[in-house]
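Chain lettering (A, B, C and D) follows the sequence in which the chains are written, and residue indices restart at 1 in each chain.
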């Protein structure tokens, strides 16, 4: 297998969904069955992605493949020399695994949607949008270039807009779509400025050549501060797209879209793009930048987890848990646990997609009922969904033998090791606390939905297990949530092939003095540059030491969370309502999502609208008023001069006219109408002229 | 006073007098005949000025053409048999005064002006030179005149027929 | 092709068409319309010819040898008028990378505006006569290289515009037309003054060695041609160049329109009939920025360097202020008019950067804004034709009733808010890339990026109010697009998408010129500092 | 008596010219008016030829005189046609009775 072939394969994978989109959107109206084409395209790209993954991991496991072409050539630019902007693909292990994940989840969502969306008036368009999304997401994954990433970044935003607002007849849906796009844009502006900084520093957008120049010591404005700032600005994009605090508000609203879409975009893939972006630029982030990123991650892990505790909408709970889990990943990246962050990204993608599709299955069969307090007892009616949901919940809670346990434990160990090396003990604290909360709210969800007595008998009676097309994806995804796909040893992820061979911590390119202490190369190891281990041995040691304490602690907190959930809701030993009344302010804070929407509405949105209203008024009244005023003054003046003209000047003219009329009356007599008389007069005139001009 | 001068005065008197009669006589037919003499006189003047060809043309066209035409005009517009061929005059006094003054000034201007004169000795026959000029330098004008005449011919016919 | 006067042809073809239309009885409206369509169609073909024969490697700007399709001959020559001396004015046309995109834009937009004019039913003959006259004026501005000729075309376009708004416009048409006319006339006066000032400041050396006063723009760009005593000479101690520059800039800025001279635009747009709005937004606004690039910049490079910060400031104000004002509007057309203000701010910002990326971004933005805004106005025209209302709150749910129409709207809207893959993105990105690279205006650039956000805000809000939501019952029998409307909208959206995916098609046309312009600006800075010592 | 020179011819032509004008102005009959015009033309011709001789213009003066004669012929033809027309319309050729210009 040749590397050029792999790249070509990647190109095909990238563009197949676009073809699917174009065909489906144009023939969506005329050809009823065109959605089949889109599904076939997705199957094809999934197969190709599998081949790609196999080829990459088997033959090129340690080489990154590149391919690029010139997109824009600005020629010989004065002062800067030749500038051209290139686009292209990069295929490393991370990208290969990610593209496979994206394609797999996209495929199962497609298949799930065939039944779920049946009967919708824009059925074909729905699949077209899914194709567009898959295309843009693949672009983000495969790019080697930050401008191209931004391009696909925005395209993903577009497809997300289209899909969230798919049922745009509902005002809440179109509101949510608008909100998602605009909130994402806020983050994107930061990212865009970061890109601008990178470009004016390095005159290129490609990751590799930026890294090479960075390793040579070229910094933005020659200052480490600006390198940190650039990293953080790029991270702004991730804040927006991965719905991190404080821009997380769009994601719960985005649940207005069809549930499979939530599974694909707002749980598994698109929101992961932010994490993926940080993964990509990890090599240029300084210690300070990483620390701030970790803080944002920790906050995003904590706040939505507390909100998820009290939500009653099944999809909202899952949405907040998504934000929380993404916060985990970001935090993990911030503390340097790169491999575990990416690992969690993959495992999370599977089990969260499974959870969402499971909730979709429930919602579908409960006739679009989303309130978990109105469900209950569905375990008997929908055993398969229940099983899948349970496995995924165990995974997200971090129970052993699941994939989630492996990755989450790694992240917690990473924070633990980080704390032991640097003394920031708040990170592991938050990590473990959130792990408990996660276990609690996930099992609250399961118990309220599947256990206990049905709330609405009639709906309960009509509920039934989903058909094959909807059940199959759940099975596939839940099987992928079990440990043995990733490692033979269910308690130590480090022994698995994913972490030992496939994903490695990348080289760090930032100047040594700006890194975390543990990321500085050891003096004795510095000789061996080719080694993939870029952290100092102290980190390896700390990580090793952290492994078992972290694992036990996480087991304990997960168990505690599950136990609490059972106590509250299954066995009803503690009345949640009483507790809620007791801690009314806290409950309200959580129930109302910490009032983020209200605060933003009252400040930024209202402020902008008021400013715009004011400026609209200002423009109409003041600026245009000045224009009209000057026109009025001119007009007044012209009126005056008009009067002057009428009375004085025109009076004079009229007087002359009257005078000449009078004279004319006299001379009228001379107008005989006979030519000859006129000639006589001419002659007299000539004589007079001759007399006047006589020169003698 | 040489013979040249004498001939000049002769022709000048003939021209002037007959012109005077043209404009003063009441009978149109007489006026036409006096006009004939005027043309003759002018032709003589032309000869004196060395323009023999022009003089002949003057005779042929004016006398042979225009004058006959005018006579026809008289005949056609005055029914000879019934109506007198005499014509009235009008505003003689102001016209006489005006024209007199005008003529005086004109003559004064013409005589008091210092004309830069070069007495060129022209060859006796001018026909050949005129012919060459007409067909070479002034060919376009010549052609245009031809067209003009044609147009005048057609125009006159069409106007008269209307 | 060497000596074929293609520029004159493309410029005066509409006049010929106009002359023919004058002889057609006014009841034959179909013939008149078809003839106009034919004329504008030929213009598009000629523009394609120009594109085909255009040499990408020639720079233009200040070097007469690298202009293309040059037509130059003595046009007016009056010798010996007392103290003015001999007046010699050239008929001088030629194009370089700055003008080629504009010529192309003019041809395309005019053609599409003709299609859009099909619905005009009031005194059709007069309308198309004015329309074609306007066409000549616009095309002429973009190909003239002699200031005098430029000015003539500039003014030529004013009058038909006045009538087109004033006769075929909406209810407040007289007010809007007069406002437009007076405003732009004021600008023209400024330009005229500076033009005359320049005329008496510089002398061009002819081939036979004699020196004459000149309107030739290329000669005016050469500092060596200025008389020491000239009013606007760099050597003149009075330093009137700054004032002249500001006057000239103001003259062009009114056309852009730059804050605070922009208020004619919303009125003119709202009252003008759809095709005229299209031309107004698509072409006329570009003349201001084109004039600055073609005349203000190279003739006054010294002052330009001094005032760059202010240009960027006004660009920023345009972006933010226009966007915020757009957000407050309730009338669809007014909203788009203010969005034009905002988008033209990007052009100003890009020009202020004085580097390759910024200026190519600005020119590209001029082209893209021309196509995008034209499309937006056409889209408004489509529903206005059907419903006779433009209130944003009068609609809702049109996406259900008119899916194809909504599809086109999506393309235009997302292009307007700079979505990658559509043309608006590239130009905005280039503008920012360029402007960000200049240290003095970096802060302004960062503030300007807010414009992207606000743009998304008002566009999506409009989208929601007009197209999404439940269908307003009043409009339940609206028809979707017909063939003619497809013909107008499809080419524009194709251009938008094509340039979004492959911007090099347009950028390659201009890069050489932009590079030589930037080089010229840098070089002239050195020249000026050596002359005047500042 | 002085030698006959340019001035003599010029005076003669001036006299002829004035008489022509006098004729135009005073005569009632349109045909007579035409005759006056012929006199004026002749006066002009004399000037042309005189200057041709004394002003060193070569033959051009004579040529112009020739052209004038031709024009006179054309003019006479047209004018007579008009006179005939007037006669048909007004039944008179007396120009003093034709004063529609007054209104």
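To be clear about the criterion, contacts are C-beta pairs under 8 Å (C-beta built on N, C-alpha and C of every residue); 3 or more make two chains touch, one makes a residue touch a chain.
Note that the structure is a prediction, hence the values are computed from the model and not measured.
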Higher-contact pair (C-beta pairs counted), A-B versus B-D: B-D
Centroid distance [mean C-alpha coordinates] between chain B and chain A, Å: 105
Chain centre separation (chain B, chain D; CA means) in Å: 7
Where chain B and chain C are represented by their mean Cα positions, the distance between them in whole Å: 70
Chain C and chain D, separation of their C-alpha mean positions in angstrom: 66
Residues of chain B touching at least two other chains: 90-91, 95, 98-99, 102, 106
Residues of chain D whose C-beta touches two or more other chains: 21, 25-26, 96
Full enumeration of touching chain pairs: A-B, A-C, A-D, B-D
Residue numbers on chain C that touch chain A, as the complex places them: 179, 182-183, 260, 262-264, 321, 324-329, 355-357, 360, 397, 399-400, 403, 414, 419-421, 425-426, 429, 432-433, 436-437, 445-446, 449-450, 452-454, 456-458, 460-461, 463-464, 467-471, 503-504, 507-508, 511-512, 515, 518-519, 522
Complex contact set, residues of chain A against chain C: 29, 71-80, 83, 147, 150-155, 158, 161, 165, 168-169, 171, 174-175, 177-178, 181-182, 185-186, 188-189, 192-193, 196-197, 199-200, 608-609, 611-613, 615-617, 619, 623-624, 626-627, 631
Chain B-facing residues of chain D, complex: 1, 3-12, 14-23, 25-32, 34-36, 38-39, 42, 45-46, 49-50, 52-56, 58-60, 62-63, 65-67, 69-78, 80-85, 87, 93-94, 96
Chain D-facing residues of chain A, complex: 671-676, 679-680, 683
Interface residues, chain B side, partner chain A - complex: 90-91, 94-95, 98-99, 101-102, 105-106, 108-109, 112
